[in-house]
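Both of the next two complexes hold chain A, though its partner changes from chain B to chain C.
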Partner chain A sequence: MDAIVVNQLSYSYQVSGRQILKNISFKVAPGEIVALIGLSGCGKSTLCLCLGGIIPHYLGGELTGRVSVNGKDTKEYKVAQLALEVGLVFQDPDTQLFSPTVEDEIAFAPENLCLPVEEIGSRINKVLDILGISALRKENPNRLSGGQKHLVAMGAVLALEPAILVLDEVLAQLDPVGKKTINDILLDLRQQGKTILIVEHDLETVSIADRVLVLENGLLLRDGQAETVLADREFLLRHKLECEV
Partner chain B sequence: MSDLDPRTKIVSILCLSTLAVFLNEPWPLLLLFVFTLLILLFLRINFFRITMRFKKLLPLLLLMLIIQSIFTAGGEVLISFHDINILTSNGINSALCILFRLLTLFSSAMIIMTSSSKDYVLALTQLKIPYEIAFMVLVALRFLPIFIEEIKDTLVAIQLRGVDLQRIPWRHKIKFYTRFLAPLLSRVMLKAHQLAITMEARAFRVYRRRTYLRLLQYSVADYVVMVFFAIATIVVLARDFLY
Partner chain C sequence: MFSANGFILRVLSVKRGWLMAYIELENVTFCYPGQSRPVLRDINLSIYKEGVTAITGANGSGKTTFSKLLIGILTPTKGWIKLNGQLLTSLTLAQIGRRIGYVFQNPGKQLFCETVEEEIAFGVRNLGLGLSTDQVAQKVRMVLDYFELTRYAQVYPLSLSAGEKRRLAIAAVFVLEPDLLLLDEPTTGLDPYRKKLLGDYLDKVIAAKRGVVIISHDQKFISRYATRLIKLQEGQFVEE
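Our next item is the complex of A and B:
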């Protein structure tokens, strides 16, 4: 069974009425790392919201087609239920951190799953180890640097142990060391069988992907092997995904 | 004492506030205020922080003092103008009561700061309050500083565009504030909405109940403090009502 199936997905926001996604179809196999690239405003974040069920459950609008994650149709399941399958990490870490300590932040999701205390503790230790942030355990998340906040937000999602991880421009605000750290973590997670969708517009940061999807004005322009797409300079220049030096 | 259970702190705040509201003499209220200050020091709240909070309240306290002194009649007339009594002994009494009452209420509320917001979530859920409501409190506490930051950022942005808020007349100032209040509120609402989505995307409310990494447990000190506050409050109030 495919981890993500998007079939003829179209979506228009309620207020503007503008169609932001136009008849998109693709599949992602389990354990694959897929990069979704495109210019700002092309619909990348909207597609992420569709994968997590936030569209249509939270944002309304008009959605046609079908999105399913691990066999669950996003229209039929609540966002909290889909969270067991898809972990969403958003762009702005400040709106994702609300607990007084990093430990509490990471504990939030396993607590919601009614896990026993021992299991919550072990998930916290595991996530802190994976992300290399054990020293920040008792820190207030709001007093951390931008990169550290992103790691904590990611850790809070990883504690759910979802099979699919969707990262919406998480790497954009990180320095080169931070980007490398997260890329290494993502490769480790792939080894553990996680399916990962990275949304980015910086091509360098998506070099770890197996496949690349290119979105333009809501249309899926290209779906191909990462080496092939990233090596096609003419295509990238034509669609302004790369600049002439 | 800073290690006390948050529920004990809630009880102590309730007792102190009840006494502050019901006591009606300046001396007992002054003693209550001094006692509250001692608790704050005992809880290791920075004295500088306490004085800074009171400094912000100073204009309000002075205004209350003046209003109470002038508008409370009765007692010995201290200052009069023709037939009009401007200051009476009852006025001073009443003003002092208001002053110590407000100071006690504000300082007792500072006890809250000695535990983390998550501890209060635990306290409320262990007091059988639905966890959704307890988390609403947590999020409100989280958003208060964000709201203040947003106001500061907006004011700085306005001033960077060459508007000197100190110099423009009040009429224009009010117009200005109403103009920036709407976008400010919409930004804060948007952040609150994003936070709600984040919580839901982390399986919040997926089940009717949830577990907690740690649970609060009363210690002997908690029982001693709670019994002390309860008895002290009952005795003081009974004495006040009976005599």
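Our next item is the complex of A and C:
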């Protein structure tokens, strides 16, 4: 079974009425790392929100077509149920963090799944450890720096151990050490058969992906092997996905 | 590479011998209320109204805190900061804002107008820059155009995508043409093409003898545009 199936997906926001996604179809197999790239405003974050079910459940608007994650149609399942399949790390961690301490933030989802206390404790320790943020355990997430907030948001999602992970520009704000940490985690998760979708602008960051999807003005412009797409400089330059500085 | 860069840095530092510091920090220590360990310790630093000063450092090293001190949102626990020879504490935030244009790390925090056009016009109109209505309109048009926001002129800023919000926040500050631009992670959320637009704009700013301070993890961007590199490490600056 495919981990992600997006079939003829179109979406317009309620407020602006702008159609952001236009008839998009693709599938992602379990254990694949897929990168989603494209110019600002092309619909990348909107697509992430569709995968987590935030669209259409919370944001309204008009959605046609079908999105399913691990066989669950996002229209038919609640966001809380979908969260067991898809871990979504938002672009702006402030929209995601709400607990008084880092530890509580990470414990929140496992606690609400009613996991045994020992299991929750060991998940917290594990996540803090692999992200290298054990020292921040008792800190208030709101007082952390931008990059640290991203790591905590990532931790809160990893603690759920979802089969599918969606990261919306999480790496962009991290220092080189943080980037390397996340990179290693992603490669490790792939080994375990998890499916990962990352949104990034930096083509170097994207190079860990197996496959690259390119969005342009809401259309899926290209879907190909990462090696092929990233080596096609003529294509990347033509679509402003790479620029000589 | 060492020789070329080293030579340029040498020339710059000689030049700085007679160039007056635009911002001066002396023995600046900052500690958040209720915390025992200071984020920044005994910092002595001069920032000049020239070139691009890049500030790097690990996540949580205090880069954003430092930038908030420079524009007076935070006040040092110890030590003092002078802007163009005047103590920062003797100036109002508006007076500081006329000289230093600050783009927040999270652009959503600085957008509040009804439309993109209003957002860009707000500072130009209200910071007391003494411009006529026509001059304001012309500046706004130019910036909208440069940052490719013209088609969103009448759109609600917070409905834009993250990258577009960032471009708007940058545009709303750039239009003020302050002496010094202070940009906290400005390339986050920008696609490569817009990064280049930003960089080209910085080149123009520098050519106009204004300065830029940029906080960033974006190695590629820094290595292309920075003229001075300082790293924040354990609460102190190390010049690189």
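Basically, the second predicted complex is superposed on the first by the 243 of 245 C-alpha atoms of A that agree within 3 Å, B and C clash if a C-alpha of one lies under 4 Å from a C-alpha of the other, contacts with A are read in each partner's own complex, and residues count from 1 in each chain.
The rule is short, and it goes like this: contacts are C-beta pairs under 8 Å (C-beta built on N, C-alpha and C of every residue); 3 or more make two chains touch, one makes a residue touch a chain.
These numbers were taken from a predicted model, which means no experiment stands behind them.
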Identify the partner contact of A:174: answer first if only chain B is touched, second if only chain C is, both if each is, neither if none is. second
So in the superposed three-chain picture, is A:109 touching just chain B, just chain C, both, or none of them (first/second/both/neither)? first
Counting only touches as set out at the top, which of chain B and chain C does A:156 meet: first, second, both, neither? first
Using the touch definition from the top, say if A:129 reaches chain B (first), chain C (second), both or neither. neither
After superposition on the shared chain, which partner residues are touched by A:58: those of chain B (first), chain C (second), both, or neither? first
Applying the touch criterion given at the start, work out whether A:81 contacts chain B, chain C, both or neither, answering first, second, both or neither. first
Would you sort A:40 into first (chain B), second (chain C), both or neither based on which partner it touches? second
Taking the superposition as given, does A:227 touch the first partner, chain B, the second, chain C, both, or neither? neither
Counting only touches as set out at the top, which of chain B and chain C does A:147 meet: first, second, both, neither? second
If I apply the document's touch criterion, which positions on chain A are contacted by chain B in one structure and by chain C in the other? 92, 94
Chain A touches which residues of chain B in the complex? 116-118, 138-139, 142, 146, 191, 194-195, 197-207, 209-214
Interfacial residue positions of chain C with respect to chain A in the complex: 32, 56-64, 105-106, 108, 155-156, 159-164, 166-167, 185, 187-196, 199, 217-221, 224-225
Name, in rising order, each residue of chain A that touches chain C in their complex. 13, 15-16, 38-41, 44-45, 91-92, 94, 136, 143-148, 151, 169, 172-179, 201-203, 240-245
Which residues of chain A touch chain B in their complex? 52, 54, 58, 78-81, 83-84, 87-88, 90, 92, 94-96, 98-101, 103-104, 107-109, 111-117, 120-121, 124, 156-157, 160
